[in-house]
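Input: one structure, supplied below.
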């Protein structure tokens, strides 16, 4: 394994980790459902980035393949999510996630 | 050993009888009681087929046994067996079942069929417990008998029945989980040592365990049985359960279910872990003595008649614990006798309380009084059984308690001396009950003022009288029981050879004479 | 001859027991309550039969050979391990003497009761209990092993309980009954422990085997002493000696014939019988012997003092009973076995007589029992007066009455106990004086002087059924001193030697002095003592030296309060506590389920962080 | 790709075919019954295929690897069989659920339910077979993506009471967001693993793990992140918090689905992952799992203790049950451990299906429609999911109550039921592995658990039913549902009394 590229790998992974954390923080602080979905996307793509970095490190194509899988499925996910959000908006006329707390206890 | 021998038949009859009773009530809306009566009688008849074993001294230890593969994966088999001890317990079970059925013949109105379904299934489970010699099977029946009992309490009980039922179930269940753990561990250790994977009691008897393991496993069994017995401080489920259960349920609980604990100690804990038990004996005996006195004290304090009787059983079963861990034949025989005698007397007392509750719908001793003038028969019977339970010589309970004390004295003088004061306590609460309920000026609760209570029906009276006769017989001719139980106890007696290591260090030397050589030959060892 | 009679032995206790069974079973035959006559015939008849049987056996077998022995074994009772007990009866002269007292006096009192209890709605129940008592007492007397004796012992205790509380509607009677049973139960428990100790030591419970073994035991070894003391505990409880004497005065709540039979003639003397029975055991330990003597002496005095100031006719008799049994214990203590048993017999005669005649007095006064509302009755109830006077004389041991001979024997023994003047003897003399005083105080207060308030509407309640036993007992109380049981074979003891003449003199003088004092003070039953208030000392005596108060403070109150505190089981709180903790945890955790997604995400993040942190740790 | 491999993935192919067929069918013929029939047939066919594949496998001992992504072996097939059977049951439950709510008047597409169900099954089975992180990710996502709409299914056309629709929607959104997050985390973990080993197929990773001098922090943290994802799917503490809400809000059949198949598939994956990668040798991971299992047992039971809502109660208890299961899982790479896990999983699946099924059917029976064409669907009582609704149920409809009681007893681990044998297996496994702490937790947890199971049980036998008047008369449920419940109870009892049968199957298959 090409050890001399290990630092690059680590920096890349760190970057994606930071990206992931950003998404996470966004999830924690925002209340708008749309923003939440965006943040989730950020997290997912952070992971995807990590794959790419790793792929580059091992110079194999698996990373990119995974990346494609991920964005595809992320798209599908968002589609479903938006459908649900739509229903939510129809009923409550708001996209404030904190309104969605009927289930508790 | 054909699978179609008597023991499975007894169990099967009770199970099927239960189902039949339920169905008959559901579809013909009558006949459940008759069906249960018949099935119990048949069971009794089947049991009676073992009579020849009583008369001639049985050669083998086990009179009869059945073994069918059940779960070969774990070396679990459906194996039942009966010996003298088991026979006594089965006889007690069936008789008490009949008694409870007859004496409460008219009590149950609500869903009678389902009631007798549960009633018979409890009995079937108990029969299984008393005959199973596969530890898994034993545990299986141990649980099976709880569930219908739970329903008996929870559906047909009195005011506070639901909490009482839950408490009863959680106590027994949680403790039996420990037992399951101990059983599996025992089997695993035996397996890893000998390479034989079996739950069979007879093979596990010669399992080689390190003292540490043995002690822990013994504790696992002991706790489960101590809860059932019940022994301090695990007894608190009992007063609630007894008090809230319907009369028939209380009879089952007191007369039979408590005995399963004692039986378990005698059949499993002591023989499986002799050294550990010997080491544990002082603790167990102290617990027994404590239960005797504490139970008596609390019985003395109660207002509710049923609670009083319940706590009195705590006190009486303390004698059983004391006797079992005294580790000699005399005490063990006493304990067995106590199981039977206590079954009789307490069952009778519960049925009497039930009778009073049915007539005056109150068990509160503050509301009752002077019933003798209005219910002479009932009161006289109550007097008899109260006297029996305070240990009047000539009745079974006294023989039992005397033997227990006699035997345990050899093991530990001081604990015995303390336990003996329980006799005074018994007099305290028994006579207090007589005084407050039956003597003094006539007092009946307001709501019962209108109709004058009717005295015991012939049916009830006959049932009670037969119990009284039984107690008298046990008191004057107890030898029959001892002869039946002797071989089984002698088998556990093998551990008494090892016992002295534990007992001698306890017995305070200043009380025995070194002068006489023959002081030891009579530490009640099995012949 | 012996083996001819042996089978009949079993019938002596069996007959009264059969009577008992018959009596309780009677209503099953015809449903309404049977007429009194039936009950009376069954009850009295059964005892009468066994009395006759006893007499027959004595006449034919025992009278002419003092070492006669009868024994019969009915069935194997217990055979467990080393313990082997038969349901066996054994009869020698000691037992025979007791048998005579129990069946004879018992029969007379049954007869008396037939009249006394007339018209009571518990007539049948009364005789049932009484028969059960006689049966149990006979078993006690004839038992061949200690456990069988214990059976009888507890049986008589039970009957005493039932009969004291016979009039159950008044709960005071019930309390007295419970007190009696429980106090004696304390002693009985000690006795049971004694049995156990004896067995673990000697490996048998057969009385004779024990006696032989004890005789051969090294002197003053601890076990024997302890066993003897434990047995003494039982005896003390049953015979109402110090410190367990408090139940007897209250026991007077029962019907008077019951007091006569159980609490004067037979049951309360069972303790004396027990010790006499086990005398080799006691002989083997000086400690035990002196304990017996001291208990007897103390009881004798304390009870005597209390008897001097009582105001209830039956309570006076009760205290005097305690005091007289004290004499017997004293006798046992000094090894005067024969004297003790002899005094037991005579005491049975005169005390039964006293109680029964007191019963007639009470009945004649419509259940008035206070001494100070009586008086001058000798004109109204001449016959009763005669009987009562004889009884008092015999109780006070005036010369040539039955009581004189027995008490004299005891005092002589006491004198030579330590070969001369000693405390025990002096106590005896003092007791004799006191006895003389209170017995005649009683006589004067009831029968002399001018009428008391209750005496006015007095009508003689004696009828034939009651006079017959009274007169028989009167005769026995007078001349019973002549029939001494030949016990020398049972108790191997030196016959009473000669004490200096003045000792005899003192023994005779003491009761007469007491009589004189009583005459001075109570001749006219308005005495200075009663006119002025009681002194503290009298109050103390009146309350029986405050034992009741003491025990109430020391035992009863702590017990009841403890029970009340712990009524709903302190141990329960362990489990309630556990349940409470679980519930609290549940509430705590439930708050985390607040339904807010962002909070959930936060918790998820925290979880992840925890995991990674753990990863670093592990 | 050889015929043998194609034959090996026959169940998957059948399911996919069924899905396509169903799509076409719906576009031509809108019929709820027909759709249900198609789904059921597909499932049955898949089951048959499973047996077929199993037979071939038993001939050739070696498991078949398909394109490096999937690996078909006996154990996986057993899981598939179990899940397919569960899916069959869920199809029946869903049928009665939709039948109640189906309404030609409004536009409602009940057929979609079956489509999604088949999709979930496809995902689940692929997950069970998967032998490569790519396939793991794909199948897991497939499962989740199909689950989201199912969770929110109550909103399609308004065929349910308003509140229920709202809850369903909420559960959908909650699950979506959280599981998306967890998936992202898992992906990140995979990326790290990839970075550490340079391979994504299990074999490669295993080899790399073996070769690496000492498990480096990179790999370890990657595995941990993956573990977190799985723990989330298994709703292990501390990742359990979504469970009650989602279970409560979702339509009962979907709840059953997510509780059985959703978790079961992950358990299967976990098992394969740990065996293939020999992760049992890494103390850190097993330690994490052990901690999670102890926490789940205690917290799950405590949370359920006073719970009044039955669905939430079952949700909490399912948390605890996965905790128990992990005890068997944790005794390491041993045949007995696998056996125990399988047995317990079977017990869990049967019982959970039965419980949620019964609850759902009972709730459906309380559903009624207000008068008028535009009438809404409302519950006749306050809420059929509250414990009070079950007062005296035994006297109203004994059979239904009997089945539910059996399920509860099985959950509580009382003999005569399969749950007891499962508990027994857990004990045996724990003792073999000497996992004292875990066993203690099991005992304590079960003791706590008894309380709430019992309370529900005894609520059903209360003598004076204080439930609202109109629910006094016996609860009526669809025949199909009744049959299902009774058969489930039968299986429960048979396996409870004669466990040897099932044990033999586990061995043969």
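Letters A, B, C and D name the chains as they come in the text, with residue numbers starting at 1 for each one.
Note that in this section a residue touches a chain if its C-beta (ideal position, glycine included) is under 8 Å from a C-beta of that chain, and two chains touch if they have at least 3 such contacts.
All figures in this text were calculated on a predicted structure; none of them were measured in a lab.
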Chain pair with more C-beta contacts, A-C versus B-C: B-C
From chain D, the most remote chain by mean C-alpha position: C
Closest chain to the centre of mass proxy, which here is the mean CA position: B
Euclidean distance of C-alpha centroids - chain A vs chain B, Å: 66
Distance from chain C to chain B - Cα centre to Cα centre, in angstrom: 37
Cα-centroid distance, chain A relative to chain C, in whole angstrom: 96
Chain C and chain D: spacing of chain centres that average the CA atoms, whole Å: 79
Sites on chain C at which at least two other chains make contact: 590, 593, 595, 597, 601
Multi-partner residues of chain D (at least 2 other chains): 173-174, 177, 181, 185, 244-245
Where chain B touches two or more other chains, by residue: none
Touching chain combinations (by label order): A-C, A-D, B-C, B-D, C-D
Chain B residues touching chain C - in the complex, by the definition given at the top: 167, 232-233, 235-236, 239, 297-298, 300-303, 328-330, 333-334, 370, 372-373, 380, 387, 392-394, 398-399, 402-403, 405-407, 409-410, 416-417, 420-421, 423-424, 427-428, 431-432, 435, 438-442, 476-479, 482, 510-513, 515, 518-519, 521-526
Chain D residues touching chain B - in the complex, by the definition given at the top: 395, 409, 414-416, 420, 424, 427-428, 431-432, 439, 443, 446-447, 450-451, 454-455, 458, 461-463, 498-500, 503
Of all residues in chain C, those that touch chain D in their complex: 582-583, 585-587, 589-590, 592-593, 595, 597, 600-601, 603-604, 606-608, 610-612, 614-615, 618
Interface residues, chain C side, partner chain A - complex: 590, 593-598, 601-602, 605
For the chain B and chain D complex, residues of the former touching the latter: 70-74, 110-111, 139-140, 143-144, 147, 150-151, 154-155, 162, 165-166, 169-170, 173-174, 177-178, 180-181, 184-185, 188
